[in-house]
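Starting off with a structure, shown below.
Chain IDs A, B, C, D, E, F, G and H follow the sequence of writing; residue 1 opens each chain.
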Amino acid sequence: MQITLNGKSRSLDPIPTVAALLDSLNLDASRVAVEHNRVVLLMGDFAATPLRDGDVLEIVQFVGGG
Amino acid sequence: MDELIIAGRKFSSRLLVGTGKFASNALMVDAMEHSGCEIVTVALRRVDIDNPDDGMLRHIDPKKYLLLPNTSGARDAEEAVRLARLARAAGCEPWVKLEVTPDPYYLLPDPIETLKAAEILVKEGFTVLPYINADPVLAKRLQEVGTATVMPLGAPIGTNKGVRTADSIAIIIEQAIVPVVVDAGLGAPSHAALAMEMGADAVLVNTALAVTPNPGKMAAAFKKGVEAGREAFLAGLGEQRQKAEASSPLTGFLRD
Amino acid sequence: MDELIIAGRKFSSRLLVGTGKFASNALMVDAMEHSGCEIVTVALRRVDIDNPDDGMLRHIDPKKYLLLPNTSGARDAEEAVRLARLARAAGCEPWVKLEVTPDPYYLLPDPIETLKAAEILVKEGFTVLPYINADPVLAKRLQEVGTATVMPLGAPIGTNKGVRTADSIAIIIEQAIVPVVVDAGLGAPSHAALAMEMGADAVLVNTALAVTPNPGKMAAAFKKGVEAGREAFLAGLGEQRQKAEASSPLTGFLRD
Amino acid sequence: MDELIIAGRKFSSRLLVGTGKFASNALMVDAMEHSGCEIVTVALRRVDIDNPDDGMLRHIDPKKYLLLPNTSGARDAEEAVRLARLARAAGCEPWVKLEVTPDPYYLLPDPIETLKAAEILVKEGFTVLPYINADPVLAKRLQEVGTATVMPLGAPIGTNKGVRTADSIAIIIEQAIVPVVVDAGLGAPSHAALAMEMGADAVLVNTALAVTPNPGKMAAAFKKGVEAGREAFLAGLGEQRQKAEASSPLTGFLRD
Amino acid sequence: MDELIIAGRKFSSRLLVGTGKFASNALMVDAMEHSGCEIVTVALRRVDIDNPDDGMLRHIDPKKYLLLPNTSGARDAEEAVRLARLARAAGCEPWVKLEVTPDPYYLLPDPIETLKAAEILVKEGFTVLPYINADPVLAKRLQEVGTATVMPLGAPIGTNKGVRTADSIAIIIEQAIVPVVVDAGLGAPSHAALAMEMGADAVLVNTALAVTPNPGKMAAAFKKGVEAGREAFLAGLGEQRQKAEASSPLTGFLRD
Amino acid sequence: MQITLNGKSRSLDPIPTVAALLDSLNLDASRVAVEHNRVVLLMGDFAATPLRDGDVLEIVQFVGGG
Amino acid sequence: MQITLNGKSRSLDPIPTVAALLDSLNLDASRVAVEHNRVVLLMGDFAATPLRDGDVLEIVQFVGGG
Amino acid sequence: MQITLNGKSRSLDPIPTVAALLDSLNLDASRVAVEHNRVVLLMGDFAATPLRDGDVLEIVQFVGGG
């Protein structure tokens, strides 16, 4: 499947959910925030949010800032 | 007890600290601890998918510090709102330091987009602390839409120029119904002290702590500067005078 | 341990306090104690023969404070020297804050008479701390005749204007071989902090403590201001910049 | 020939004059003439129906001066637009000094309403000269909607404080694509000269001319101040230096 | 007619010009002419025996300009006196700009040696214009020994910093019985205008004219700046105010 | 007839036009600007603009301003 | 005897020494400093310093000063 | 003869007067000032001032200065 992840297009083997995607990327779901097709997801929704071809995702985390 | 109250929440420290640009997380934490701050700002950025680090958050004890996510990088209201929502989704309390800075050179805030974003975020239940130019009318309008503070800049971010906008900030303070937090440009404890002597409720400092060789020591210095200014404001400062006034008696001298 | 050393004597406080103009001796002592000072200035005046009071000296614990008599009121070198000798005869250590101020309106020091008196007093074994205009060349000449410090004014006595003479004081500090004590005109902790950030070794404050409704609280504020400025100076302050510099990362934003 | 061009119209004078607060129409005209100005601002007010005077307009020669109506008194965009339309209907060219000042104490401009009114008036074909706080981002946005100038304030109207907003005005000038006219707060020719030396294209002065005992003489002084600053800007000013630099040769002295 | 009178001699220009550091004699003369000055300073240096040039003097029309020799380079009173005598022997009128600057880095004047030299030169019949730090008491003492002016510095020579010593210069002007000429550090017409608005009788400029690419144009700008400041001082400047004051009427608005 | 003129209600003998009103008030049409029921009038329209009961008028002129 | 004390002339019954003078004035010798005919006295010398007609004395004490 | 001229020692064929020295150096007497053994000379005295072995002379002229 094709998704756009943090601005870059990527082709992946089919992945069922956002939670699964984070897993596959070795990202700790508790440390990131996810925007799925411009909708911000609560952490609790990662597992329930299906991933589809063409989805656009933003995965962000906190960094130092003023 | 002299407390700072923002959106009903009490703080004993009047120094907010930014976490950007430190040479290491250890130095950042050192500065936070010596500053005595209770609020620290953080930013949101994309995870580097190909080599993720596990972030700086674990270095910050959520029991000791209120995490205040900023919307740095946002160029308009919409981007700022997206960032605020992401920060809340990431588990932060719904507090946000609202920054909308379309100009990449001086990073100065956009009054129009900032007000627009503030209205949206207040409606969504956020506690909004907007970073603004020292514009008294804008400050008033933001308070009217329900921001929890106003954060006028002393000078452009990272310039260390101090309170160059003193005249306008004095007006903002005089007219404010919420805490006034002077943000940006404060490069030395004397700058922070001056802001507090003017009646500011708090200040936010980042660059001055991050660029010094001794962040912990500088943070301790700013802590004292803020307290000095606050205490002097409460004690009551004297007026500036044109003519001198002797501090020793003018009579009873040998010759008289 | 960061100590101030004047004429071989060590002090841990960098705030000197003047004892003039306080509403009461109790308020004066309150200010002295909260200031953490170790040196206090006093003046000499004629006893009122017909109704003598027993003086303020008994309120000052000689174990806690070094008494620094000033020569306030002196209009020329000769009067200043007489006062210094009287102070020593009265049992003070041979330290003197040398003030020669012929002008009764602005109480500004006379460079010629001050240098003349300094030479005489140094020869007589006094430790001389001269109050001067912010004049780098005069400061040099005084050091050449052996004064223990130089005490340039920030602004005329009692004006609370702050460090109006910053450019000249910066030069004095750069060229000094003895401690530089900024004296007169410091009206707020931010002024004291600024002087210390510039590299001054100490400051002397009186009016700002005496004229506030809360001398003790103001003295505590100045104590913090002086410490803040000193610690920031030691930690290393950043340069002022013209362009802004982001405190949050400039990359990795949503849109990039 | 160094001309000021606003909306395609050429002016040889870079000093705009306000007509308010003069003790008499004669003094107003005297100031206008000595100032060498080509643009004068006027306000619109209700006719006093019961005892109408025949107004001040007949004192102003429309061949010599471009009448620039302001929208003073307007508290929001709508009121400002009504005033601009009335002014045009009264026979003025479609130029307007846009002022929206909800705050009656400091008469500071409202960035939101000013931008809103500017958009409307530009669409209606007005040449819009907006009075604004020294806010570089707002200045940019106004230029994007098509204002003919931006008019950042140096200090609040009538305060005579000078260019207190120098840091921000320098940024506005650096980024401007239309003439920058510094308005409000200029109380002395040195203030006007400084604004011009910074690269401002023009200044507007009123209070400083109206409150002096000698408006004509003061106007002549401002004329020279503006020209002095402009010519110095064009000639190229030297940098400020920290160390001194001798103006006399350092070699060949007797002793060498 | 507003004349500057020094030692009984009348001048219509209040701008004195230094002749140092110009890229060419032609540019120097161009600056002199555009400045409208009537007094120009010159220095004395050893002739280069092995390849003498015929000097710059022939470029200066003695009918148009009063030659004011300075004692630049002198490190003490004796050297200054020797130079003054040599200048007179060289055919100059017995006028001297007295400079004693032991410090080669900041070229700041020595108050002690300056007073000493002034006394000698006044006794020898010289018209003495001493260059001094902005020290009101020293200024008084020099006037008491008979100097024709006092010339306090605005900032160290060649720094272009402007009137950094404004507080002290204001006192010198208030107390002066001879013309006060602000010398050194004036880098822009606005600086010169400010000095004149404060009530200075004249200013001396050199570096700002010599270092610009267009000395003639800059000199013309300074001429206007000086005249602007003088005329504003005579017309009567308004006070600075804290609150704003409308320049347009506050009544009769549409809504009222 | 009743009109509101510069914020104050006034009763007048019937007056046909804005131009007539200005006349009756001895106002020089060339020196004022008029807003009629929130619509700004051009000078040329004064004569052609009928005045009706209840009309709201603003008549303004230029004064000194900064 | 006549002396000038702190600028004022005073006539007193003869008093032998500076110390005695201080006594008669109820001044605590340890709290003041004395200048006798322009010569500053050490406290120890008060008793040994004879007072003569025409003497000029300054008796000073510390007060608050900056 | 040996003289010190502007700080440098020079040996010259005997020269009778200061005026002659200036001549020999091609210096225009009207453009310079001369200090002879620490005494400033008036221009009129150049011809009358004899030059002797060991004399110390300063010859200066005006240059640009502030």
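A few comments on the model shown:
What we mean here is this: a contact is a pair of C-beta atoms (placed from the backbone, for glycine too) under 8 Å apart; a residue touches a chain by one contact, two chains touch by 3 or more.
These figures come from a predicted structure and were not determined experimentally.
The chains that touch both chain D and chain G are B. Excluding chain H leaves the other chains joined by touching in one piece. Touching chain D and chain F at once are the following chains: E.
When each chain is reduced to the average of its Cα atoms, F sits farthest from chain C. The geometric centre of chain B is 45 Å away from that of chain E, both derived from CA atoms.
Centre to centre, using the average C-alpha position, chain E and chain G are separated by 54 Å.
One finds 33 Å separating the Cα centroids of chain C and chain E.
Across the assembly, chain H contributes 7, 35, 58, 60, 63-66 as residues in contact with two or more other chains. Counting only residues that touch two or more partner chains, chain D has 18, 20-21, 43, 45-46, 70, 72, 82, 106, 108, 156-157, 161, 206-207, 246-249, 252, 254-256. Chain pairs that touch one another: A-B, A-C, B-C, B-D, B-G, C-E, C-G, D-E, D-F, D-H, E-F, E-H. Against chain H, in their complex, chain D makes its touches with residues 246-249, 252, 254-256. Residues 5-8, 25-28, 30-35, 38, 40-43, 58-66 of chain A touch chain B in their complex. Against chain D, the residues of chain H that register as touching in their complex are 7, 35, 58, 60, 63-66. Interface residues of chain D facing chain F in the complex, by the touch rule stated above, are 18-22, 28, 41-47, 49, 52, 54-57, 67, 69-70, 72, 82, 85-91, 157, 184, 204, 206-207. The touching residues of chain B, counted against chain C in their complex, run 18, 20-21, 43, 45-46, 48, 70, 72-73, 75, 79, 82-83, 104-108, 156-161, 187-191, 193-194, 197, 206-208, 210-214, 217-218, 220-225, 227-232, 234-256.
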